[in-house]
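You will see chain A twice below: alongside chain B first, and alongside chain C after that.
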Partner chain A sequence: MTDATPKPKRKNPVARTRLPTLPPASRSRAALGLARAAAEGRFEMQACADCGAVQYPPREVCGSCLSERLDWREVANGGALIATTTLRHSNDPYFRERLPWRVGTVKMDAGPSVVAHVHEDCHEAGRVRLALKLDRSGQAVLHALPAEDTPNMNDSPQLRETHCDPKHRRVLVTDGRSTLGRAMVKALLDAGASTVFIGDPATWKADAGFDAFVASDPRIEPVALDVTDTDSVDRLAASIGAKVEILINTADHLRDGGVMNARDVGLARDAFDVNVLGLMRLAQAFGPTMCFRAADGTHGAVAWVNLLSIHALAALPARGAWSASKAAALSAALTLRAEFGGAGIRVMNVFPGPIDDEWEQLTPPPKLAPSAVAAAVVRGLRDGVEDLYVGDVAEELRARLRDNQKAVERELGG
Partner chain B sequence: MSTAILAQFMAELLSGRIRLVDLTQTLTPEFPTIVLPPELGQAWPFRIEEISRYDERGPAWYWNNFSCSEHTGTHFDAPVHWVTGKDQPNNAVDSIPVDNFIAAACVIDVSAEAAKNPDFLLTIDFVEKWEEKHGRIPERSWVLLRTDWSKRSGAKEYLNMAEDGAHSPGPDAEVVPWLIRERHVHGFGTESIGTDAGQAHHLNPPYPCHYFMHGNNRYGLQCLTNLDQLPPQGALILAAPLKIRNGSGSPLRVLALTPHI
Partner chain C sequence: MRSRQSYDGVAAAVPFTVPYARYSTHAAHWWLGRALAALIRESGIAKADIDGVCVSSFTLGPDTAVGLMQHLGMSPRWLDHIPMGGASGVVALRRAARAVQAGDAEVIACIAGDTNHVDSFRHTVSQFSRFAQDAVYPYGAGGPNASFALLTDHYMRQYGATREDFGKLCVAQRDNALRNPHALMKKPLTLAQYLDARPITDPIHLFDCVMPCAGAEGFLVMTEERARALKLPRVRIRSTIERHNAYPDDPIQFRGGWAMDRDALYEHAGLSPADVDFVETYDDYPVINMLQFEDLGFCAKGEAPAFVREHDFTIDGSFPFNTSGGQLSVGQAGAAGGYLGLVQALRQLTNVAGAMQVADARIGLVSGFGMINYDRGLCSGAALLERGTA
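Coming up: the complex of A and B.
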């Protein structure tokens, strides 16, 4: 059984902060198919369209019949652990710091035998579940997990290298006044976050409900934060930047209005200021310190979450300016992911469908409860995914965009 | 003759017998801007971004870009700001005759009343009582309402927002046309975020200070500070807005010349 990871001790202020190292990142282009599945938490392998063989590692041709007609398919993830070994030496700087490290061979029910990182609760010769996880380099790796969940399973040191569990971590929610922001804070507290800094863009607003919410848990720390004000962002980073281990950007500016069908660009400018420039201001103020602290103790800086929208991928003309800002935010987030890559900090982009809040009043159901989005974000952090589609509307649009982007375009425009 | 007066004025200024008082709030991102319902167009708050600071972006110089609305911080309201003033001649900041940027000021102290009641409204009766004590308001004079609102710390205190909107003092709907008709005032100035009271949308007409002052080609000043350093009568106000083409107002530096007491 895995020991629960203890709450981190207070840091020795005169000890050198360990710098992040990364596991080996080079992969063949074919192998990046695994990253696509792992990024969304799916388990896919290469399968031959001609002979049906499932193969691992991925290659350019089928290892059984040399066919080039290879698909990526969800396959059964069960298997038998046939051999394990525990590495006690490594020449790789990343693994050297994390020894001992358990690896093993799994004979998959789907066919291939694979080498995987093996969870400490897996029994030799026993049944295991395989999972594709993103490591700190952002590359897909196979982890063999116990067939059934075990206590504190997610606390295994090897598995912790793949996820961003908010437990015992300090989290900044950039806009905690919004319906979604509050739900996010609640979900993080329930998940065991040690502190949740809750950004308040409107400290002048009288709202007894908000004040009561802030007072409801001693782990909540309200902080003034307006992402449109560089000075406000910089000041906050100077005061709490070295404590933020997960940053969840919930700031949003959702208004109706198109591109031609708008009186002016005022609304668009406001949306871009919050959704795009706000993201950049936060990244410039908080990002470098988070990079520096990515390997700081057992609970270093680990993740950056952007609350985007499925309409970052498919414009909703009734909210054209806002959609454009979300698409731009997605593009900025992809650059941010590349920039955070060197430190191994995960950038998770969240693509929800419409959320049941005041600005979606006239949107017909189905709408997502803010608490459902918040729970999905926490789940995504625990699973270590980097792209999260939340709710039926988002998942359906996502699937249909892959199938026929033009059909989605025509329907959203109609 | 006038050359001699200007020389004497300068001498008085340098000797300290005439004192300059800055009535301007510092432009900062935190300084509150008027808040309208979120579905309406919003005035930009003050925002500032560094262009360079003796660094790789500009080695020997420091400068900033800033943005804000015409009605951010200590600012001037031109008649064209309100629909009632839209057809007045010379009603925008670029066309207002420059001599209107200098005028005398009467400072009516309602700070005690406002401390007790944030919704305090200035009435004709109150002004008449003030005149008994401090003299009749001269023609072409600013009427500045001293509420000590500028001493409130932080946006929450300053905006004083409740679920039914802002609560801050201002003039009532009768005193404004009376000041125009009976006293021929130059304009109205306040320490709070608007020339009208926080709850002025419930008056008849709504926002009477904007409605009547601008409808009669008069001006407004708001977010003033240091009014407690001015005498009830006798100060001169220099308030020249930026020359924005057809501008409805502008942030500005407001200076008062006062006899040293």
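Coming up: the complex of A and C.
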């Protein structure tokens, strides 16, 4: 049985901060099909569209009938653990720091035999479930997990390398005054975050409800943060930057209005200032320190979360300026993902559908309860995914985009 | 199927080992060049008269055999590059033999060699193959130790082999190696030391692992008339086999391609396992020796542990085996490891094995095994060799 990860000890200020190392990241292009599934927490393998053979490792043609028509398909993830070993030596610096390390061979019910990381609670020669997880290099790897959940199984040292669990971590929620921000804080506290810094973009605006919320848990630390003000962002980073292990950017500027029929670009400028430049200011102020602290103790800096919108992928003309800012934020987030990659910090982009708050008053249901979005984000961190589609609207739009993007354009514009 | 033709009229000769070194500052070209020079010197054949070359090396990159020919100033009319790791020796022999038989070349130098810089092993392992890069190396980067640990774990569980069984083979090979001036391991090994060694990748412990090193091996293949004219002691090829990616549907490797081709091997030679005077297997890990005992017909599948308990594997023992000490005690010089057993067998059958000589050795069996591309070794080969007559 896995031991619960203990709360990290206070850091020795004179000890050298360990620098991050990463697991081997080279992959063939075909193998990156696994990353696509793992990024969303799905379990897919390459399968032949002609003969149906499931194959692993991924190939260029079907190893059975030589067809080039290869798909990625959700397949049964069960299997039998037929051999295991515990590595006490490794040729790679990342694994050398993490020995001993258990791996094994799993004969999948779906056909292939795979080499996988093996969870400590898996029994020798027993049944296992396979999961595709992103490792600290952001590459997909197979993990063999016990057939049934075991207590604290997510706390095993191997799985901790794949996820960003907020438990015992300090989190900054950049806008904690919004409905979603508050729900986010609450979910993080419930998940065992040790401190939640909640950004207050309007300290001048009295709000008894917010004050009561802040006073409701000693782990909440309100901080002044206006993401449109570089000085404000820099000041906060100077003060708490070395304590932030997860940053969740909830700041948003949602207003109705298209592109051509707006009187000026004022609304668009405001939306971009918060949603795009705000993200960049935060990245410049907090990113480098987070990178430096990615291997700092057992609970180093681990994740950066962007609350985007499904409309980052499909413009909603009624909110054209805002949609454009979300699309730009997504683009910036992809660059950020590449920049954080060297430290192994996960960038998770969240794509919710409409959220049931004051700015979506006129949007018809289904709408997402802020608490549901917050719960999904916590789940995403615990699962270690990097793209998170939340709610029926988002899921449906994503499916429609895959099916026919032109149809989506016409329908959203109608 | 058409019956295979014999190797009549072909001779293998001039076994040579360029003494191994743990690390080398030289390139693979240096090691291969020294092997070729030695074959020329020992045979008395002029460099220009070697009209065929067969090369195996992991560390020759970015060159292939072609670049090596310019490097060595050779103009062969027949050239082969065999990237089959531990099966390279047997495969080189059978390719070269057919080329000589067909008249495509008259004298073929078969050489294998690799250098070993302090970081070359990690480099080789991390980029060994596409499947290894995609689906093995990211899982702990244990290299071959981890892959063979899984096979060993499965074999022990399935067939009841113990560490003592593996240890007996390793200890016997070390005894043999103490008679081999080229062996890198110079100290005796006891079973107690074997069992007490530190674990590397359970159930693989220190003395189950070969030591990567630099070195080269070589031999010549030519017509029997040519060998006779040069007064070279020579070896006849009775039969050979090779197989690649055998039994792909086995969930984990517990047998190699030899099992598919064993009957053909003995039938073609008109021999049986009982006729074999000594055996040189590919021994990158002791479990692979057991697979070869079974798959080459010395005992049934799953009975190698009992076979090991029954026999003495030293040079003077009941089953003379890996008489050079094998890679486990000599060292693994990259692709040269795939030649080690063959070159040693040629020594035995040409009476130049010195202190390692197996008394009255007439028939030798050499087997090769190579390329753990993903989860199992893909190439297997074997040859039955006979002492040549004057």
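Going forward, the second predicted complex is superposed on the first by the 414 of 414 C-alpha atoms of A that agree within 3 Å, B and C clash if a C-alpha of one lies under 4 Å from a C-alpha of the other, contacts with A are read in each partner's own complex, and residues count from 1 in each chain.
Just so we're on the same page, a contact is a pair of C-beta atoms (placed from the backbone, for glycine too) under 8 Å apart; a residue touches a chain by one contact, two chains touch by 3 or more.
Computed from a predicted structure; not experimentally measured.
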item: Contacts of A:266 with chain B and chain C, given as first, second, both or neither; value: first
item: First (chain B), second (chain C), both or neither touched by A:186; value: neither
item: Touching partner for A:205 - first (chain B), second (chain C), both, neither; value: first
item: Touched partner set for A:113, first chain B, second chain C, both or neither; value: second
item: First, second, both or neither for A:167, with chain B first and chain C second; value: neither
item: Partner chain in contact with A:228 - chain B first, chain C second, else both or neither; value: first
item: In the superposition, chain B vs chain C on chain A residues touched; value: C
item: Chain C residues touching chain A - in the complex, by the definition given at the top; value: 121-122, 125-127, 130-131, 133-143, 145-147, 149-151, 153-154, 157, 198-204, 248, 251-252, 374-375
item: Chain A partner contacts - residues on chain B that touch it in the complex; value: 28-30, 32, 35, 39, 41-42, 45, 47-49, 154-156, 158-159, 161-163
item: Residue numbers on chain A that touch chain C, as the complex places them; value: 23-28, 30-31, 56-58, 63, 82-92, 94-95, 101, 103-105, 107, 113-117, 125, 135, 137, 139, 141-142
item: Chain A residues within the chain B interface of the complex; value: 203-206, 226, 228-232, 255, 266, 270
